[in-house]
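Two complexes, one shared chain (chain A), two partners (chain B, chain C).
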Partner chain A sequence: MRDLPGLPSRRGFLKASAATAAIAGIASHAKAEQKPEPVALTEYKPDCLKPSEWAFVMAAVARLIPSDGEGPGAIETRVPVFIDKQLAGDYGKASDWYMVGPYQPAASPLRGWQTPLNPLETYQQAIPVFDEWCKQTHGKIFAELDPATQDKALTSLQKDEMKIKPELREFFSILLANTKEGYFSDPMYGGNHGMAAWKYIGFPGARGSYKEWVGKHNVKYPLGPVSISGERG
Partner chain B sequence: MARTEKKKDVVLVGFGWTGAIMGIELANEGLEVLALERGHDQDTVPNFQYPEMIDELKYGIRYGMMEKPANTTVTIRRSLDEEALPYRSLGTFLLGTGVGGAGTHWNGLNWRPMQSEYKLKSYITEKFGAGVMTEDMTIQDYPMTYEELEPHFDRFEKVAGISGTAGNVNGKIIEGGNPFEAPRSDEYPMPAMPSTWDGVKFRDAAKAAGYHPFPSPGGIASKDYKNEYNMQMGPCNHCGFCERYGCYNYSKSSPQTAIIDALKRKKNFEYRVNSEVLRVEKSTDGKTVTGVTYFDHKTGEEVFQPADLVILTAFALNNVHLMLVSGIGQPYDPNTNEGVVGRNYAYQITGGYTLFFKDENFNPFIGTGANGFCIDDFGIDNIDFAKEGFIGGAYWRAGQTNGQPGHTMPLPAGTPSWGAGWKKGIGEWYGHAMSIGAHGSVMSYRGHYLDLDPTYKDRHDRPMLRMTYNWHPNEIRQTQFMKQKMEPVAKSMNPTTMQEGFKKEGAMFDVRPYQTTHNTGGTVTGDDPKTSVLNRYLQSWDCHNLFVMGANTFPQNTQYNPTGMVGGLAYWAAEHIRKDYLPNPRPLV
Partner chain C sequence: MKKLIRVLGVLVVLGIVALLAFIFVPVQRTGPVTQLAADFKPAEGQGEYVMHAGDCMACHTSEGGKPFAGGRAIESPMGTIWTTNITPDKETGIGSWSLDDFRAALYDGVTPNGTHLYPAMPYENYRKMSEEDIVALYDYFMHQVEPVSNKVEETKLAFPFNMRFGLRAWNWLAASYPAGFKPVQGEDEQFNRGKYLVEGAGHCAACHSPRNLFMAQDGIDDTSNAFLTGGEIDGYTAPDLRGPESGPQKWTTEQTAAYLATARNAHSSATGEMMLVVRDSLQYMTHEDNMAIAAYLKKIGTAPANASAAAAKPEVTETEKLLTDAKPDMPLGPRLYLDNCAACHIVNGNGAGETFPELDGNSLVTAKSPKGLISVILHGAELPSTADRPMKLRMQGYDNRLSDEEVATLATFLREGWHNKAPGVSAAEVKAVRDLAAH
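What follows is the complex of A and B.
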């Protein structure tokens, strides 16, 4: 069928329908206008982290998911914003958790979260302790160390070589978990900027409709991700 | 007491699968039925709507559909001499809340136990001799037979809308189904779902090894479907968000998709949300119950709700807790092995292999909670307990359920947990891994039980439920046996690399990683009031107008996901309440 100039064509309509079908159910969010670039991380005003804590988080996530090599790093995906927002909200306050004593923070780690501190308090109290350890061991606070020494210091933290007090024992594990959460969560939470982490690994995000691909065995799914708010990548 | 409500014929405590089943069955008898739900109201629209529902952070990682430990939790210890500590943040099991309960956020795997599991103790004694059981094992027979339960399994499968391939219809073995299943009177109501590549690879490898693969049976609609209550399901689109999520597509079986809208239309049925039952009230002679007292979270007051018949239809752990705090039945004492409430708590043991294939694409985000293929060749009926040195069995399954990268990111052993090596690892291996799992039974033991915690209280000042549980050597032997049998099957698939995850001797119960929400026992059904809380109709031995549903009725855990058994037992009990109890209320045994 030939498209007539100046008139909406049937073919054009069909093309549009196929495109709509391909983004499977995102119709109500299909506007997907180009979002303005968010404020630079250096200009960002944290919701809850103090400047020294923000500096630590920026430096730490840059080593946990570095920017060099293939795939985006935690800085380009704005993981520090995610962490700040999570710590300022219900997660940081442990609002959903049972936080009534008596506490036994030194119990076996297999028994789960047993410190009286919530995640925000854990960051607030552990960062100065770790910075002080970095200063004594490596001469500078964490954020001021060179990347290789930062990696060494994070490894010591992970292995608990500094024998941090039991109340702060979970610090490294939540720092790492929150970093990966920020990398992989929907961009509406502040991280995974531009769905870059999803594009890197090939996760289609909130696409949520694969009936036509179930039987295509061992054939890579071709479409890029969509986000909950309708961004497309 | 701030308020007393108008008396009802029946009050149901909890509005999930068993509350919905009891609700509709008893409302159909013309009774005035009230369901009290601790949590909020929820339905497919607006609560499970696309795209907001498929938010991994909110629901998959922060557990947005689950009961918050701040509101309700348990304490856990691994032995009688350890101090129990609260389960403060969620990990090993996820307890639901709100209308639909755990039936909204499950994976949908639906089974009937194997034939030997109903009369397990007798089966073991007759076939292998009582000597094969460990001394501390407290397993026992169900007081009803598979043949008695069969029509009720069939009915639940048809109400819930289960897809699958039958392997044994009235004794006739059908190619492609599970040849080891107990004979069923009819096919599954819907054909099996198509499988992703991982399931098909496992099917072929299992077949080549001489085993008998069949599609996983599950409450995921493979086509459009309508059940006896005129409730409808639509075919699943394999979105990969079943477990921890409500289904936005009317494709996963749930109380909402199967029963609740039909029930809401009945004028003699009412449900109240944010209504948390604190205790069941006993009559002065203790032989009956008079109703329940609940906390109305909207008005902030305690309410007495009188009723002729009380049915506990909450999650297993909550049903046991309510019996203990209400003082109905004698609490179990592991030191004397006397008492019944809290006795025979059991969990589930799982293990498996993860296989990595550098050059194959699994598209792990394409999945359902009941995806793939299973084998039952190492099911409990097929194990020689005397020869192998353990009691139990497991079914195996391969079928990806989700590819949500925040909590499902298998990486080869040795991949760093952070840094450049981790980033390289996720780029290389996401989408190139699959797993085979063994889902194993857990027996009941003298030292594994539920009681009231001496230290920690809930927000209503009630003692918390205390769980005493650890991995028993019998289950470790079982899971190590599965590892030994699974390894050659996994190897035969020629992965680039593979790794095992089975519990080893000395493994301690770890509450942090998610394992399973299959908590069973605590108010078990039996023939003897000395070793059971409920008779064969799930009626309290102590108070005849109190019935208790749920996996808490299982004398020991089966090798399967519990929902099929929970649903079948609810229909069994409903029939006996309707036909036998209502015309003449009394102890039925």
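What follows is the complex of A and C.
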């Protein structure tokens, strides 16, 4: 799973489709459940993200959990789909958050979510700001930069070197958190495709019972994961 | 030749007369089995108690309808039978019925105008009820039930079952025994109380006895070998209660009584129709009465041969070993069990007392018809809230999670796992149960 064969480039869109195909090949061993492959990320129609936002999310998560090196990356596990679906749903709208003022966006970060923007609005407003900053600083929008420069840009975003306005200051941290969530959450939410992240770390999923294994020390648990909807890995 | 024709003619006329008599001569109604004192008054609450014992509510109340106002559809092999309004409403209920009319419905299965009731009404069993209980029940329906004007749909079965007079002949076969209950001499009071409740108002045999060629209960009391040895209702198996592998025989009397009162005990839990019986009827019985039922059932059954030996030595079955090893190349059945069931029902199939039923030796799992097991896997089950155990424990359904093939493979594994030995289940059988719910 660590080497993704036949990748013509590590760039976003091409990578997406090739990686999806590679994962599909790996997942089809004897006991795995046969599920129709979802539409490739390049063909995916986002629920709420506009094309420029989608391109950014695709490029950003590919750097936060890259596909080279150990384990599957955010692209093969379809993290962008997870983020799109979450932003289109209750999370994106902050449906069950307290979102009535007074707002103090510049309050200490220890005070939690202080911006009047919900997570979807945060993405929508921060991405153009960041892309503009990338253009000014590195000459291209984020999605078009080479990986090394992308890493540099993300680091700057994390350190808030561009002095983004306080209403958007949570952007990097929710982008990173959402990426991890999409990587490790149950596949029913769109990410962790093929339970690849769980297989990689040896997490057995939603099986929920290992009583008979409590006394077995230093024995590797042999079974692959199961998802909430019953996928077997 | 001429003589022969004349004889035949006479026979034909006699036959027609007999048929007309069969159809039109009123049925002799059974009178009271005991002459009660003129001033007999049922004890406070007795009528309601008898109503619960007879579970009148279950059939005579429609889903979301007013109590006892009827209109519930009872599916029978002959067609849909609509239950009647038994509130004391004069026009649409039984408000104008006399005690004799009421008794005739319970004993003889006839309404005041002589119409035969379909035996979905278990008068085969109610015929055993005492006059005291009949009077108490009559008093309850006349004075404590709210009259509800509700004209229910008329039952229209296909020919020939729409010829209700034909039930007269059926009654000769099924309900011709003398009415009332005779305690068995030499047995104690508890046994006879249990026997009275089981054979009479409780009408356990309506589901738990097999049906004979004429669709009558094959055994309405324990003098019959087939009595309570298991039946079928709407394709579901009602388990045997007398064999050595049956619940009432394997469990202690206290455990059986707990099952009746709360739908759960140390081994099992009630699902489907039996869950409803506990919810609507048995939970209202006194502890003494549920103990009497349990003790009676134990007495008329065959005790398991190795009851004490099995309890003493917990062996590790092949199934448990297979599940414990959790080898990735295990067959799909045990894999599905580990992925979906083992968290609650445990690899040894023993579950947890009063919470997760045992699957090893569970009568639902090994039932002749797998319909009940398939239904629970697909749609889950819920225990009723009772006074003793208020928690409505719920198992979720797996209809979204498992395909027909997977459910069939899992059910087959359960029916062959541990000590179970029941035939496998096909995907077609699963599909049939799944399609049923879609309607």
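Everything that follows uses one rule, which is that the second predicted complex is superposed on the first by the 200 of 233 C-alpha atoms of A that agree within 3 Å, B and C clash if a C-alpha of one lies under 4 Å from a C-alpha of the other, contacts with A are read in each partner's own complex, and residues count from 1 in each chain.
What we mean here is this: contacts are C-beta pairs under 8 Å (C-beta built on N, C-alpha and C of every residue); 3 or more make two chains touch, one makes a residue touch a chain.
All values reported here derive from a predicted model rather than from experimental measurement.
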Touching partner for A:Met99 - first (chain B), second (chain C), both, neither: first
Touched partner set for A:Gly224, first chain B, second chain C, both or neither: second
Touched partner set for A:Trp133, first chain B, second chain C, both or neither: neither
Touched partner set for A:Trp54, first chain B, second chain C, both or neither: neither
Which of chain B and chain C A:Arg232 touches, first, second, both or neither: second
Partner, of chain C and chain B, that touches more residues belonging to chain A: B
Which of chain B and chain C A:Ser209 touches, first, second, both or neither: both
Residues of chain A contacting chain B in one complex and chain C in the other: 207-209, 211, 213, 221
Chain A-facing residues of chain C, complex: 323-329, 332, 335, 338-340, 342-344, 346-347, 398, 400-402, 406
Residue ranges of chain B in contact with chain A within the complex: 50-52, 54-57, 61-63, 68-70, 73, 76, 83, 85-89, 91, 194-197, 200, 235-241, 248, 360-363, 365-366, 403-406, 417-420, 422-424, 426-427, 430-431, 455-456, 508-512
Chain B-facing residues of chain A, complex: 25-26, 29, 63-66, 68-71, 73, 90-91, 94-100, 102, 104, 107-114, 151, 154, 158, 176, 179-181, 184-186, 189, 197-198, 200-204, 206-211, 213-215, 217-221, 228
Touch list for chain A against partner chain C, complex: 30-31, 207-209, 211-213, 221-224, 226, 229-230, 232
